[in-house]
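Please read the structure below before turning to the comments.
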Amino acid sequence: AHAESVTLAVATNFIVPVREIASAFEAASGHRVRISTGSTGKLYAQIAHGAPFDVFLAADSERPARAEAEGLAVPGSRITYAIGKLVLYSAEPARIDAQASVLRRGDYTRLAIANPDTAPYGLAAVETLRALGLYTAAAPRLIRGDNIAQTYQFVATGNAPLGFVALSQVIDHAEGSRWVVPETLYAPIHQDAVLLARAARNPAAGAFMQFLGSDAARRILIRYGYAPPPSR
Amino acid sequence: MSTLDAHFHGRHGAFSLDAAFSLPMHGVSALFGPSGCGKTTILRSIAGLNRMAGHLRVGDAVWQDAQRAMPAHARAVGYVFQEASLFAHLSVGANLDYAIRRAKAGNAGPTREALVDSLGLAPLLPRMPARLSGGERQRVAIARALLTRPQVLLMDEPLSALDGPARDDILGVLEALPAVSPAPIVYVSHAIDEVARLADTLVVLDAGKVMASGPTNAILTRTDLPLAHGEHAGAVFRGRIAAHHADAHLTEVDSDGGRLLVSAPAAPAGRALRLRIAARDVSIALSRPTDSSIVNHLPATVVDISPDPHPGHRLVRLAVGDTVLLARITEHSRARLALAPGLAVWALIKGVAVR
Amino acid sequence: MLEAIALTLKLATLSTLVLLLVGTPLAWWLARSGAVWKEAVAAVVALPLVLPPTVLGFYLLVALGPNSPLGQAATALFGHALPFSFAGLVIGSVIYSLPFVVQPVRNAFEAIGERPLEVAATLGASPWDAFCSVALPLARPGLLTGAVLGFAHTVGEFGVVLMIGGNIPGETRVLSIAIYDYVEALEWDKAHLLAAGMVAFSFVVILVTMLTEKRLRERRA
Amino acid sequence: MLEAIALTLKLATLSTLVLLLVGTPLAWWLARSGAVWKEAVAAVVALPLVLPPTVLGFYLLVALGPNSPLGQAATALFGHALPFSFAGLVIGSVIYSLPFVVQPVRNAFEAIGERPLEVAATLGASPWDAFCSVALPLARPGLLTGAVLGFAHTVGEFGVVLMIGGNIPGETRVLSIAIYDYVEALEWDKAHLLAAGMVAFSFVVILVTMLTEKRLRERRA
Amino acid sequence: MSTLDAHFHGRHGAFSLDAAFSLPMHGVSALFGPSGCGKTTILRSIAGLNRMAGHLRVGDAVWQDAQRAMPAHARAVGYVFQEASLFAHLSVGANLDYAIRRAKAGNAGPTREALVDSLGLAPLLPRMPARLSGGERQRVAIARALLTRPQVLLMDEPLSALDGPARDDILGVLEALPAVSPAPIVYVSHAIDEVARLADTLVVLDAGKVMASGPTNAILTRTDLPLAHGEHAGAVFRGRIAAHHADAHLTEVDSDGGRLLVSAPAAPAGRALRLRIAARDVSIALSRPTDSSIVNHLPATVVDISPDPHPGHRLVRLAVGDTVLLARITEHSRARLALAPGLAVWALIKGVAVR
């Protein structure tokens, strides 16, 4: 196949892994990839108003589904490309133990989460707190990042002693302390992708959707702290 | 036709204007009147800077009538404003060039070199306007206005922001203007001494109306008008040089009123002069004095005697040859000398100003 | 990254030019018109300020998108709708930064007063000639302030550009978005470097502009 | 939502006050000092403009966070660091909007000239007295422009507030963030409503301010 | 000590000042000199508005010496600036109140009511300064300066921005000031007629240096100074009313130079007057004229005869009683009358100005 180009609209939190996946894809297929990033909501608004994107890699499953329903995407093209893992993180080394007892003790001033209204990791954090029966106690101390990246910034700069962030953000951090939240405490964070309507006949876009499910992509995902999607 | 005919009427807030007048298309015509009488409004109407109703004909061209009014930039006027009006962002030279580039082609007028020369602007050319004195600024403004090659030159109290020496300097420039430029000058002032020095024709305004208009001396010596009653009241008339005595620095001048001895720079016989004699400089004697330092004694006849705003004073009109002089004397003296209309007297003239 | 720098300079320069081209006549009209409703227009010009940039960008997206009448007109004209193109970025930046240009330029025009324009008219300059040869040079300090604020604001502008531009590398991905992306992607070292460079560059541009203006003003006095 | 509206008004009002309190002396100094380096200070004041608000917010977060010297001082003083508090929001807004206040106020002070202050001195007014009784009233148009721009900018301000405020309902979740969130959450109807209300309200505030100023200026002329 | 002693020295760009003078702490003292000679600089130094080195003692108080200088707002001066200086944001009444609230307690001075009354400010009080004429503005500025209860009133050419009637109006106000306020006035001017009308003491400046200082007439009639050579040159001296003739509106005045008949408003005998006689209003005769309208003839002796800038003219100093008058006549007349120092003549005085 001769070289085509594909433009990805990628949720900001996935930007680092997607770069690696894209280079692997370029190497393997010879197609060219361009990456645009933004919050999932912003990207959806842009797609709805004619943005020149071929593939939408959202941070949730809701907005790709809506894109599909509203005819912005190729029907049936939606796949889950990664499953996010939630982690409770602190920049201080011994702050969090394996039982996350700091949460139960309520021994913190502020707890950073992503905005549950707009970010799936935020929703997962709220679900986790509710499952632990700690939400009411935590609610007055919650601070909300616009997205998961901001939430991490709150924690990393020490402005919040604790925060629910994505495992992918802290996977290679030796310092700090963490508690990987058991997947039983929150609904899985499906990050879905769809092939957008304008790319229905773009072979490179289709190829990239294929490549997302490949072993090469899965290896990268795991390295970055995501669970790979169940094999199709 | 070689007149400027204007009739403007309209309102400016509480002020209402209704003024019609006709001016010759040569020499200096002055609009004279107290503050707020509408002088500036009329000048601005001539220049098209405000929208007064009326009509205006300048020579053969109609600049405004009931149907249409030429926009300001299309009217061939030069306008010298009362206060600083040089472009602050341009040097003196560039201010002049601004006018030259937009000059009305076809009209006659002095060249840049001639004006720079006659107004002494050469050392000023590279300077910015903020670095000029008030008098220097007005000289540049006058040169700039002339360089547009105007059909009419409008001047709105160009001296009122100046004092002492700067004022004298510009007055001299203005007196020489008719020799430099063919454009008639409409000169606005409320200073009678300026008007007497400069104007050939006078339009007297009050509260938006024309009170009188005509040749300068006819208006100046009318005791029913306010001009004869100010501190600077006097007569203005023309003379011609008869002889110049270089040793005594004195010039003999023949005028309608007789021969006068005046201080004037050397000039050839026959040259026309303007003579001004202030009412306060004229004394009256019944016989000709012989041993006084007063140089000029003219035989005269008392025309009439009017009251003066100052209660102890009288204003005496004297017929001297074909001309009328004003003399301001005390009622005390009038009574002592028993002056009355028709009496033959001597007019003793202490000072004669010459242009 | 070089791409982003070049794009930012291009956007800021072009936007500043358009801002001056659009803002100057507008400011002129606001300064000189006797219309009673001109203050309402002035208030409308200031309004983009009160909307969060992203939200403003969102409404521009709606207004200029392919489904809007404006968007359809643009499509008919240029072959594509304006969002996600460089032209769209310029439009967004201009609308967002307009108040910072119009306000000082208007003040400068008002400070000139009637007189210099009347003088120009009596010297035979048509209104347009007088505007160019007298009003503009006399209002230079205001134009410069407007240009500096407009330039700086466009460089730092981000929400509108991100929304209407779509963060497409080489086309709409400007420096501010790049820094934002680095911060979001936790690549803080790169963000620090870019931010420091941008601040230093802008500092120099602003300082040089201000000092030049001061020098020029002193020459005039 | 009412909470967010109240908070926005409180933030904008308080920030405008602080902006005037901080910006006015700064503008005065910039207008009147003979210091050679004052243009450098003027450029620094303009710099927050060139950073994307979120990025500026990020650096404020770092500068004011509990690990920074500033943050530790604040903690010692107030018992907590400034980010995620209303006080932190005010600080962020003030830094971000400062150039819009300083620039017009400085211009207004410069336009006053020496004379009125000399007159005040000969009438026995101390420098401080003259500043209050002469300079401030004479610079009123500039102060008003500054206040309007500062107010509007704070209302629309969003990136800095979001970053340094942490979007805490009732404390740091202002209207602009609320609208932003609705756009993000695809609840566009609510966003439209809020945005329209905000624009209408701001339009009225700006228009009334401008007309009042115009009335006052005409009284003076 | 009841003098103001000043010595200021320093540079202003290319201009260098080094002026020492002493003024009485009553009446009007004028600083006179051409444009750019440093008058304003000295006045500003007295007010503390610029930082000239030197020292300044006002009565008993040291305002500036080598060690320290009082700040401007602590100096009890009233300052009337050359041009508009009213606060544009305050009404006329509020401008006055501004001064009252900051007045130096303890000093004497007229009340607000008295000033509003004597300066005719009542109808202006609610107006904003932009709606005043130039003359009205200066009257308010004078009232405001007096309301600070100054120890010295400084006036920097308060008339130079005014014309015609407004100028006369304010001159009248200034002449009456010493009766209204005890503060001595330091008056800056380059107009000799103002100085002659107002000043008791004169300091003549040129290029930053004091050329002469002393009582007004002594300075005005020194032909080695430029003042005797201008258009308005003349003599100034004091007189005392002998009698007033209401019917003729004439007043008999006794002066050092003899008895004069002048036009002056009715006033009781014994009242002191200032008389001004311009050099151009004085003629010289060898015998007393009997039938001329010139009222005043005084016996005089020629003191000396100097050249005048105008080459045809001479300046003659005449001793009239204890006083010196100036007469400007033509060389032609001088030669004709064979005038020489020591000759007994008659001074014919056409006009006497009275304050």
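The chains carry the letters A, B, C, D and E, assigned in the order they are written, with residues numbered from 1 in each.
Here is the rule we go by: a residue touches a chain if its C-beta (ideal position, glycine included) is under 8 Å from a C-beta of that chain, and two chains touch if they have at least 3 such contacts.
This is a predicted model, so every value here is computed, not measured.
Student: So which chains are sitting against subunit C and subunit D at once?
Tutor: Both subunit C and subunit D are touched by A, going by the contact rule given at the top.
Student: Find out how few touching-chain steps suffice to connect subunit D with subunit E.
Tutor: Graph distance in the chain contact network comes out at 1.
Student: Based only on mean CA positions, could you tell me how far subunit B sits from subunit E in angstrom?
Tutor: That pair's centroid distance is 30 Å.
Student: At what distance in angstrom does the C-alpha mean of subunit C lie from that of subunit A?
Tutor: That gives a centre separation of 36 Å.
Student: Mind checking the centre-to-centre distance between subunit B and subunit C? Centres are C-alpha means, answer in whole Å.
Tutor: 54
Student: Residues of subunit A touching 2+ other chains?
Tutor: 42, 45, 150, 153 - these are the residues of subunit A that touch more than one other chain.
Student: Would you pick out the residues of subunit D that each touch at least 2 other chains?
Tutor: Residues 54, 58, 180, 183.
Student: Who touches whom among the chains?
Tutor: A-C, A-D, B-C, B-E, C-D, D-E
Student: Would you mind writing out the residues of subunit B in touch with subunit C in their complex?
Tutor: The touching residues are 47-49, 71-74, 76-79, 81, 85, 87-90, 98-99, 102-104, 128, 130, 144-145, 148, 154.
Student: Using the touch definition up top, name the residues of subunit D that touch subunit C in the complex.
Tutor: It comes out as residues 39-40, 42-44, 46-55, 58-59, 99-100, 103-104, 107, 111, 145, 148-149, 152-153, 155-159, 176-177, 179-180, 183, 191, 195, 198-199, 202-203, 206-207, 210-211, 214.
Student: With touch defined as at the start, can you tell me which subunit B residues reach subunit E in the complex?
Tutor: Touch list, subunit B to subunit E: 34-35, 133, 160-161, 163-165, 190-191, 248-250, 261, 263, 280-281, 283-287, 289, 291-295, 310-313, 327, 329-335, 337, 339, 348, 350-351.
Student: Mind pulling up the subunit D residues that touch subunit E in the complex?
Tutor: Residues of subunit D touching subunit E: 115-116, 118-127, 129-130, 133-134, 137-138, 140, 219-221.
Student: Where on subunit C does subunit A make contact in their complex?
Tutor: 54, 58, 61-62, 65-67, 71, 81, 83-84, 162-163, 166-169, 173, 181, 183-187
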